[in-house]
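Each of the next two complexes has subunit A plus one other chain: subunit B in the first, subunit C in the second.
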Partner chain A sequence: MKNQNWPLWEIFIRSKQGLNHKHVGSLHAADEKMAIENARDVYTRRSEGVSIWVVESKHITASDPSEGEALYEPANDKVYRHPTFYDLPDELKHM
Partner chain B sequence: MTNIQALESRFQAKVDDEVKIEPKDWMPEKYRKTLIRQISQHAHSEIVGMLPEGNWITRAPSLRRKLGLLAKVQDEAGHGLYLYSAAETLGVERADLIEQLHNGTAKYSSIFNYPTTSWADIGSIGWLVDGAAIMNQVPLCRCSYGPYARAMVRVCKEESFHQRQGFEILLTLSKGTEAQKEMLQESVNRWWWPAMMMFGPNDADSPHTAQSMKWKIKRFTNDELRQKFVDVSVEQAKILNITLPDPDIKWNEERGHYDYGVIDWEEFWNVVKGNGPCNHERIQTRVKAHEEGAWVRAAAMAHAEKRSQRNSKKEQVA
Partner chain C sequence: MDIQKALFDYTLRLGDNALILGHRLSEWCGRGPILEQDIAMTNIALDLIGQARSLLQYAGEIEGKGRTEDDLAFLRDITAYRNVLLVEQPNEDFAFTIVRQFFYDNYSFHFYTALLQSTDETLAAIAEKSLKEVRYHLRYSSEWMIRLGDGTEESNQKMQKALNQMWMYNGELLTMNETDRVLLAAGIGVDLEALKPACEAKLAEILAAATLEMPTGTWMQKGGKEGKHSEHLGFILAEMQYLQRAHPGATW
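== the complex of A and B ==
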């Protein structure tokens, strides 16, 4: 039993109705129920949340930072996707 | 330029530009090791830090004080957990970190190896120990490693409550009976110098500072932070009507800072090496709690496994 960790869980908190859940950190727990209870104690001692998501860390797939260029560079030369790309006269209002 | 050199110079350029380093980014092995050591020591300090204060929970002089102290000690546990989870993003296992604390290979802040012999000590810890910790921790909110910086933002928000509750305890004693005033002064006399030592060795004797500052793990040197602490504490002590146990404290017009006396580094190193008044007791207490909790951890795991097996059987039937 020695040196055996409980599984690691990633914790996401919705700070108030209308906002999305945001990652706040991680913790160890035996199962999802305990993960939520522990997250309540560790991450919401001062009313920081109204809703908690827990996801076992091993289920998260992350993009590889070294592939960042290949993933994100194609967006860099597509300035026409932004509203400021379009030249319009100053007298045009409400747009 | 070799591959590693190229990666290292790209890494340093990011740090110089104040771009945070995140867990999956490439980082020099020494940066990773330095952070694991520093963050885990920090986490251990929070956990061991619960012990001197826990000593007074059952003997707090009023329900109000007991509630404040309980909440504070619970925060320390929380801080330990934020920090362990930040350390784990660097590829270490929680169980291994705890084992290192228990077998003495990992250090924690020496301040927690001093005993809390009077109620006033709870105030002194809040004022001086948490005060020194805040000086250290506020710049860590801008540390180059993202998960550590984010954990420190949470910690710092909560530390402010700790320091204020401590100062209020002392302020109450300062307006009390002669015996209470004596208790206050006696306690500050014992905690002042150990709190001064919390910033670590003088800059000249701190060989890792330069590298840590280059990597923006550290933002100020030990002596810079210590000076800030002296400057604010001297002013705060006036409100408590007490003297700080250092006859060399004197305003220095030229420097625009308070001068202060020489720290007893022999005492510092002696406590670091394990010979402080409570080193042995602190670790024994942690080990005992860990060992006596082993069956609970095992039972919770067994229960979780059984439940998940039951659930998967139910799914198969459905």
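== the complex of A and C ==
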């Protein structure tokens, strides 16, 4: 029952229907069931969400910050990839 | 006993059960075994204190002497408290807290489900609102009963010990007294005897999954519903009521 024996979980919350799940933080739990319940108590107490995803942190593969130049800089001079030439209707949110 | 007096007594009891158990759980605040459970238990404490507020406010209305929910919570002496003995029992350790919680949740889930049929509209409405919270509480405490009972050898022993020691406080929840009988006849109260099969079945189901043994004792403590309490309640009230007693009418 020691804290360090419990794995770490990453928590994703969907704040309302139609939006994406968003990473909100991490917590400790013994298994996925407990992770969902803990996430409910820790991250949705103020009605922040309608759906919860949990994933054990060890299953997340992250990019290497030292490769940032090679991975991201080539995109900097390619403005034509941004859809700035369209007029978005006002009703469209969350773009 | 007339109906109004019985209804006051009944509503006080429901409010006091929620208030005292909520206070007990709040004692875990900052002391939980891990951060996540600390928050989980204080969440449940807040749900219970919210239920207590609705019930005590209604009790004050029924009494009709102008007492508010705060007057009833902070200015009533121990013998006027109507909570069952179970909820005033000390936290001891996480195992005791969970067993106490499970006994209460198992009762209150079935109780509030039955109270939905009450002819008293306010009680039925409070039952409906409380049930949403109680359903989660029961899920939480059942989950921990199973997890710790069916956990390690040590956690199993601690749970069995807590179960055996708390057992004699489980009976009072479903024991009828005069108040219950008067209100049952009036269509307001719940037939506690009729809840026994469902409560016992749920208990048996959870204990089996938790690999815990059902205690066999048949002698049950009672008296809380009539205001006869254990010494523990005195200490709770001393802490809870201190501020209003020392500084009457103090507000934030």
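Here are some notes:
In this section, the second predicted complex is superposed on the first by the 77 of 95 C-alpha atoms of A that agree within 3 Å, B and C clash if a C-alpha of one lies under 4 Å from a C-alpha of the other, contacts with A are read in each partner's own complex, and residues count from 1 in each chain.
Here, a residue touches a chain if its C-beta (ideal position, glycine included) is under 8 Å from a C-beta of that chain, and two chains touch if they have at least 3 such contacts.
All figures in this text were calculated on a predicted structure; none of them were measured in a lab.
Judged by the touch definition given at the top, the superposed model places A:Trp6 against both subunit B and subunit C.
In the superposition on chain A, A:Arg81 makes contact with neither subunit B nor subunit C. In the superposed model, A:Ala30 makes contact with both subunit B and subunit C. Of the two partner chains placed by the overlay, subunit B and subunit C both lie in contact with A:Asp41. In the superposed pair of complexes, A:Lys93 makes contact with neither subunit B nor subunit C. Common to the subunit B and subunit C contact sets on subunit A are residues 1, 3, 6, 27-28, 30, 34, 41-42, 45.
Residues of subunit B that touch subunit A in their complex: 22, 24-26, 71, 74-75, 78, 81-82, 85-86, 88-89, 93-96, 99, 147, 150-151, 158, 294, 297-298, 300-301, 303-304, 307-308. Subunit C makes touch with subunit A in their complex at residues 33-37, 39-40, 43, 139-140, 143, 147, 151-152, 155. Those residues of subunit A whose C-beta lies close enough to touch subunit B in the complex are 1-6, 8, 25-28, 30-31, 34, 41-42, 45-46, 62, 64-66. Within the complex, the subunit A residues that touch subunit C are 1, 3, 6, 27-30, 33-34, 37-38, 41-42, 45.
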